[in-house]
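Notes follow the structure.
Think of it as A, B, C, D and E in the order they're written, each chain with its own count starting at 1.
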């Protein structure tokens, strides 16, 4: 591995079960390629999203947070 | 053990000697308040201050203290076995600690180190490696009530050495073997110096007008005090915050938790306080001290009844007055104890 | 100087569900280092802090008796973070034990006396330890009559069946095992513990009672013993409170001036009568 | 304009009247503290106890806090001394269904602006102050070896300079006369001080402000908004916020606490007044309130009718930040 | 829609204390918009990559304390 391996961020993706999670599913079925940096957390609704979740992700060393409804 | 005179222009040498094999801390003016900090230069050390804003118990019992660590890897079961944090590497000295705070550390010794079982490794390690050089109080402040709490402005309990500011010079009274070396080569105190120190002591003691009585507290039964009516009023304005316990030099309750980050983990202890409802709640949800009244009462009963009962009359309070100054709703410990004593 | 906060490493030798509701699991723990087993010198009534790295510690009464060898027996109720984790651990896993902690039942002082043991639910753990200790050939002769009353809601919630079935066979133990309500397949006693005590009517003469159970059982058992003429000094109970350090420092388990972890968990009723009800 | 001493006398009179007529079971006000510049919350149950009530520029607690933190059943109907910010918090508590309007009898007072004891102490670094008294627009500060006069205007709490409502917004009775509603300062000019900083400097400023935090939670417990039975910092499974003094734990606590006040904070300053180490947490909360004003045009606690901003929405709410 | 208001305030707050704007992203994507999902993942990843590793708010227990 080279010394300057490209930085691969870790991103927490909070996806609404009914919207973006479905889109992610469809993207998979459609064989659309996307980078593997995102860690998907399915939430029942964007309304369930809490600022605690975002801070918790940062506390655990995640580089970015993406919330999608 | 010996009374010597330390000229103020010799202070640099004195501190230099302390610094030779120790890290030295002293009260310094930080943001307008007297606070404990590593002593860089002699001029930073405060001589005229009532007391440090927060107590120095943090040196021996840090607010957050890692006790042990482990490695959590499926392949390595040995990693799950807790390893203690290393001992303190360098000895330390606290210079110009007030007698009340030193007394508090001595009270805490009785709690952290009781017998073979109750022998707090972390506390004892730091205590053993720290030299306490006290500064007698010549100008106690109005919230001080140390003279009512087995202590006093010139008390030497818990100290290795005591300094008394005689104006142009200091009286150095060494009290333990640890501090003997500090006095070497210094001139003996003259009779006049001793008389001056005694005069300052008397004046300081007399200037403390806050008095708190303990005779009835000692005489009354636990349940008698526990069920007394005063607690209904004392607790009313209490916010159940932890200010009084965190600024107190003798409060010593703590919580132990495990923290994990990936494959590494640690067991850490943090100051905790009996004012928090969470403090005593059982796994079942039952809480033996479920009301604010229970918790407020616990703090005062612990300090003024339980500790004296269990520790041969020592009181869990040294009268430093910090909680009186810092309580957001002015619950004045002097008033509470006097009510308990009524 | 030993750092008393460091748990002894142990391995889970056996872990099995103990009750039908799957709330209780019994663990047999084996010391990794024989010298630790030597150092862990305990008596019935004492407890230990069970430590799971990354989760924390919980105080649990020791259910085994020192007469049974070096392994330690604990029955753990699944209520919190640590106990839930323990229920998910497997045989062979490594964890920690810190102790022994607290005082024990005053077995020495109880010599020559008749003994009544009353247990309810899973509070039976340290009383199992006591029974095993008392019935050991080295000790049995030193005590008078032994009465063991143990009740649970249903037969499936009774712990340590292997042991009490043996005790029922013995002539030198009066063993009454009861369940709250009659169910099919149970031919033993039926009724609440206080009612059974009333029936048995243990005599207070030269006797000591060890009572341990849920608050509601204690509340109704108390008057039964009072009526039979038992004095507060003869009744011994074991308390539990939230704990952290386990060695009398951290300040949360105290009942008045007494720390449950260090001065207890075993107290006589006479002692408790003079203390606040902070448990 | 009445002096605070005159107001105090009128508060005592009103309290005695209400208690002796049986209109209320308890009057929550302030009594004189045992240390300089700190009056304390006092509960008067009898006309005799009402004699202990006082009023001054040292009444820094938000009394509405005690409307939700009282043991149930201790007193059914209470009277409470409330200046602008406190009355706005009472409005908030009514809106959030914590209390009913009928439960409280509001003794309204125009706020004179409260003194920041830390500011006074800072004028006399390391000195011991033994007594502070009000004399018109000045404070007489006495200490060991000194006595000085300080213009009150110089040492008010920061939030009192930019107060938007000094008079109670709801009341059952007014004590003294109403004053000019605002203090004249413009909160939007001083709120959110770190906005001026470059983005990369902000974290350092944030850390510097909160570095002394000892996690005593006095700010939370002094706040009438923080009445949750289980605060997020006390939640254990999962644990959102560690108990340590680690900067991440301290930051988590203060960010979330501030966030929970969004659209509710009346800028009463009780948090800063309670802090034993003098942290200026308004640097955080003032930003959120400014944000709420700018985004949704809302000022908390001004009336009983309007909807709290975070519990409603409009189709055209700003959403440029959402892709 | 309620969430939108909360996100707006939270995002502003985190930027205010010094968390880089590019670390926190919000989007609306319907379950039919697979292409938008892909685009957004790419955009978010690029934005975070450009910022480098996160420096703030991380709880690091390795530190001696």
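We adopt the following convention: contacts are C-beta pairs under 8 Å (C-beta built on N, C-alpha and C of every residue); 3 or more make two chains touch, one makes a residue touch a chain.
In this text the structure is predicted, and so the values were computed from the model without any measurement.
Asks: Which is the least count of steps on a path of touching chains running from chain A to chain D?
Replies: 1
Asks: Quick check: more C-beta contact pairs at B-E or at D-E?
Replies: By the number of C-beta pairs in contact, the winner is D-E.
Asks: Compare the CA centroid of chain D with every other chain's and tell me the farthest one.
Replies: C
Asks: Taking CA centroids for every chain, report which one is farthest away from chain B.
Replies: The chain farthest from chain B, judged by C-alpha centres, is A.
Asks: Please compute the C-alpha centroid of chain A, do the same for chain E, then give the distance between them in whole Å.
Replies: Distance between chain centres: 9 Å.
Asks: Hey, how far is the Cα centre of chain B from the one of chain D, in Å?
Replies: Inter-chain centre distance comes to 32 Å.
Asks: How far is the middle of chain C from the middle of chain D, if each middle is the mean of its Cα atoms, in Å?
Replies: Spacing between the chain centres: roughly 51 Å.
Asks: At least two other chains touched by the same residue of chain A: list those residues.
Replies: 51, 55, 59-61
Asks: Can you list every residue of chain E that touches 2 or more other chains, as numbers and ranges?
Replies: 2, 6-7, 10, 14, 19, 25-28, 40, 56-61, 65 - these are the residues of chain E that touch more than one other chain.
Asks: Once bound in the complex, which stretches of chain D touch chain B?
Replies: These residues of chain D touch chain B: 33-35, 38-43, 61, 65-66, 69, 71, 121-122, 125-126, 128, 130, 144, 214-218, 220-222, 234, 242-246, 273-274, 276-277.
Asks: Quick check on the complex: what are the chain E residues that touch chain D?
Replies: Residue positions touching the partner: 1-2, 4-21, 25-28, 40, 43, 55-61, 63, 65.
Asks: With touch defined as at the start, can you tell me which chain A residues reach chain D in the complex?
Replies: 51-52, 55-56, 59
Asks: Which of the residues in chain D come into contact with chain A in the complex?
Replies: 232, 238, 240, 248, 252, 255-256, 259
Asks: Which residues of chain B touch chain C in the complex?
Replies: 67-68, 70, 72, 77-78, 80-82, 84, 111-112, 114, 117-122, 124, 221-223, 226, 252-258, 260, 265, 267, 272, 274, 279-284, 288-289, 294, 298, 301-302, 305-306, 309-310
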